[in-house]
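Chains: A, B, C, D, E and F, in written order; residue numbering restarts at 1 for each.
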């Protein structure tokens, strides 16, 4: 199967790192096609930048339509998750969504390490939106920007480790999710220091997509994830327009 | 004060109707500046179309920056609400958000009439996201498209009335929120038939914005609604880019 | 419009202060009629004293019936809120109710500063009763009596400021509600020191009432806020009795 | 031990019936002292009438202070429960509170039969206030006034039976609570017809009070149920004033 | 009435201590029949050991069937509670279940002291399973094994006291539940030091069972606590098999 | 990898069917080792029978220890899930747990079809225990025993189809989970008739286990899923005893 790893940031270097990570966990026969947005923020770290990323991600997914069997949202806000799940006939999962669901299957309540106080509420809103607020025991802030964490992984490891240990020792978390695409790969180094499982969104996302793809579920024909009714649209990206009017991929 | 009534649909006629409605409820001295997106769907009725609308709304709000003191999200999904609240120094409320909070202050649990089964889950997710899920006693679907409802208000009245009465009689709702910008104005006709208060998002939104504006609250300096940190951006609308890098409105 | 500012405490000086505060935020054309109970506690600070205040408030509201268009419960427990909302044909809001709903429209999760450990549970019960428990990120206690806080505002400012900063820095609150009529007016001084919006119940309550009044909603004809059925009553205040039997205000 | 059965209604006949019921379930050595308010509604059926009953109940409990070891709130809204629990050194339980907690120990989720649509929201608010909303599977309305139900028990039995069966068959309730002091005693006749346990508040309340009294718990010295701080009071009932200033019963 | 105090641990000495405690709180006429498992762990302190205890408890309850009128689960995980409630025609309560429900009737939110970090999640899961998660304000860990606590009560008192005071002072708990059969009896010594009521599962459980027994509720005939349908069974304990096929106690 | 498919029922034929189903969805290189209990009920359909199955499952898992890399709980109550997750160093998932988490990643709220009214509460308790109660939109009962459903799949298909359609049309479910090992395989036939994805626990469980195994997470060293402390045990199965005292598999 072919997984479109869709990075909502415009940072090509990060895309490569995320793709390498995904390949580490992909099953035999799974191909990772890594792309990123070419419009928007290098590191999405605000609600406004996320809105821009969301549309850009729809455009990228439309441009590559037909070349993938599943989509991994490779930005830890899980940007555009619901819209892509609606729009596409393939499985779509978000990296944070995937790691939180996985966390529920390895411990009692989990904790989340997030990059900044500014983004903590956004992650909490997403997790509560997944209906998993009752399983969330704590959230700790590293208080560095995604860019800083990405560029100095040694320093990131120390800061993330301190936060993760507090989640275990003070909040009773039985597993720890690392949120933030910029933290990619850190979980392997952190795991050696931590007495509970550490979960990374890319690794979990690849696994969840392979599991969902194997189920061979059909596209919903009703409800909020069914193919949208044809709409009267103006001034939008042609590939995306095509998908919105002909989601089965037929020409217009 | 000047309220930017920001319609996320590209339907100019609807914008006029919404503006007229807003002016009915605006206080003396409140000016309604009504605009709509010029990119996206005529009636936003899918998650994907909403993503497109969200970015378009940020662009419109940026283009008019400096000309308004508050923003009313005049699309019933409350599209881009959080991003605009973060981006702008002024109060921002969503029409459905406003009507649900108002509903909480006039009855015990409330019900919501929504246009279609397809959108019901989206409204429910939003209301739960506002933390108001515990006050929501029921949700009923009219099962017509927004376009149909908008174009045939008499027929809409009948269908909406049937749904609303079921909310009261079967689900014990003590007030009813009409969701859907296409239903604008219908609440006045419906009220005559219904034994509980009927709430419309535009009317409620205008009132909430006037109340918030009167408080004169400062922009948050920390947390998820503070002004975003300057980001490295590419290929985005210049006005929006300016706001993202210089949210105080200074030139770059 | 005429707002009855109904102080459930028997402290006339506080009533004057609350009225002055309300007038600061009232719209042009809004008249504030400030009254307080003449029976009960000078500062209501217990569940028992609140029960006494509740009945006294019903009596005061009955005595002034016909002279107001809306009621602001100007006691931070929101005493008698539901009973007055049921009894009267006009909008009624509680000062804490109003500020919590407003807080939901300016930040993600909010915090509350309360006077004493003794009253913290009461405030929590009320906020959860409004269905807003999921939006409450923290509650901090100043640990002084309402009387002390009221009489020494400088000292109150320092103590409240410490509590409020902890809510922001440790609990991640994105706005702060000040509970306690005795803290009235303090929010303006506190705001200068705090990086997130500070909300005061009187200011919020006035705005919410103006918004609700503008909607022109009818009295519910069914459900728990409809006019009570005539009851067989004995030994109660004549004005209140009249209202309970003839809520439309007709003579008996 | 001596249980003060405190009827918040002013209906003396009902008080007798409730007392007889309580005696059926009281342990050997338990004395039931039944009193009712002499001020307020014959049948409390509104939020306003409940406020009046609450103060009257505090006065009655004060007048009899020293003559009882526990208090059973014998009005199904559990009126004044929290205030009496704060004010008095003895255990206090509400009849609906007691039956809902008991229901949790005999089945999975429970249902509640309530007299009227008008009061349904009040019962729901109370049950959610007890933190038991998650155990409540359904609520059904008989749609008769308390007075009608009380005066025609045969007809009440039929209507209550229909409601109770719907709770079992349609909502999956595994036990049924009868709310409404007017339904007192009906559970015995209903039980013969119903396949799940039927719970009555008076029977449950007596048992819970005996259990709590046996524990010999001390009065809380802090928190919201500690003895209130002495307050400056005016124009209130002398016995109640005495209790509020000297809760240990000492003279002033 | 005869209460079967069923200790899921295989520790006979503990059984004696628990029985003595139960007798302190039992009403006149209540007989305590104390038994323990003869298979499994001396102190059940893991999820796996609990599974073993659960079956052993069913066997013990079957072996003594007919000799008791109610069952008190005298192991603080409330092991096998639901299965015994289903299997037996008598009331069954768990010691932790009973103390948490009692706690709800004496304060606002309660706290729980638990022996070890390892078991904290288990207690939390149980309390949330009872639907009481919203009333739980905090949980503190003593961090000693049940065996250590049981064997050195003086040291246990100090450690438990520290934990309990933190629940009151830092988490605002208005009552404290001691979890852990090994802590039996400690609440009396602790109460002298603590400003809020301290609840012990054995004392509460005895009272709740007496209350439930007095109600004389019939066995449910439908739902998840009705007598199981006869099943095709193999290789199980004969007494238990008999009960599973003939729950009314008739011979097969 | 080798998955131990552990059927908690003693029905060997069902085990074969479940194994065949699992092999349909297993990845290349995944071996399914199917075993069932040899003690307990042919079809576990009560809480008591589940207790017996739980211990039997621990014994079977101990007997086969070392021969598998992951465990799939192949009984739809997810019996012994938490105990096995604690006891074993390998991933363990329950079939219902897996399908509910998967359901969350394909639609908004999901519904569950359950065999009997008797078991509905048990499934609900489990799903709420997973923290997924907020995602559960409805539950419908087929009202046949597991045995009947298993033996007459055509009739089962019809009954299950009716229930599933009601979940979609009346409760707005956007995906449907089939609970009940006896329904195994039915989802493929049902899918053709249903407009939303249908999820089967075996298929989902295999996928989730492969995903978790790929993550290579270490065994927790603290919290409620760490290896149990050595306990003093008596009269238990030797293989299980060995695992409880030496969970790393070393001889004692």
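As a convention for this text, a residue touches a chain if its C-beta (ideal position, glycine included) is under 8 Å from a C-beta of that chain, and two chains touch if they have at least 3 such contacts.
Note that the structure is predicted; figures quoted are calculated from it, not measured.
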Mutual neighbours - chains that touch subunit A and subunit C alike: B, E
Lowest number of touching-chain links that must be crossed from subunit A to subunit D: 2
Copy pair subunit E, subunit F: interface residue numbering same or different (half cut): same
Degree value of the rotation bringing subunit C onto subunit E, based on Cα positions, nearest 5: 120
Whole-Å gap between the CA centroids of subunit B and subunit D: 43
Centre distance in Å when subunit B and subunit E are each reduced to the mean of their C-alpha atoms: 51
Junction residues of subunit B - those touching two or more other chains: 85, 108, 117, 120-121, 125, 128, 133-134, 172, 174, 222-226
Graph class of chain-chain contacts, one of line, ring, star, complete, other: other
Every chain pair meeting the contact rule: A-B, A-C, A-E, A-F, B-C, B-D, B-F, C-D, C-E, D-E, D-F, E-F
In the complex with subunit D, residue positions of subunit C that touch it: 10, 38-52, 54-55, 58, 80, 82-87, 117-122, 125, 128-129, 145, 222-226, 228-229, 231-236, 240, 244
Of all residues in subunit A, those that touch subunit C in their complex: 117, 120-121, 124-125, 128, 133
Residues of subunit C that touch subunit A when the two form their complex: 108-109, 134, 172, 174
Subunit D residues touching subunit E - in the complex, by the definition given at the top: 25, 27-29, 85, 91, 93, 97-98, 101-102, 104-108, 130-135, 168, 172-175, 191, 195-199, 203-204, 206-208, 210-212, 214-215, 217-218, 220-226
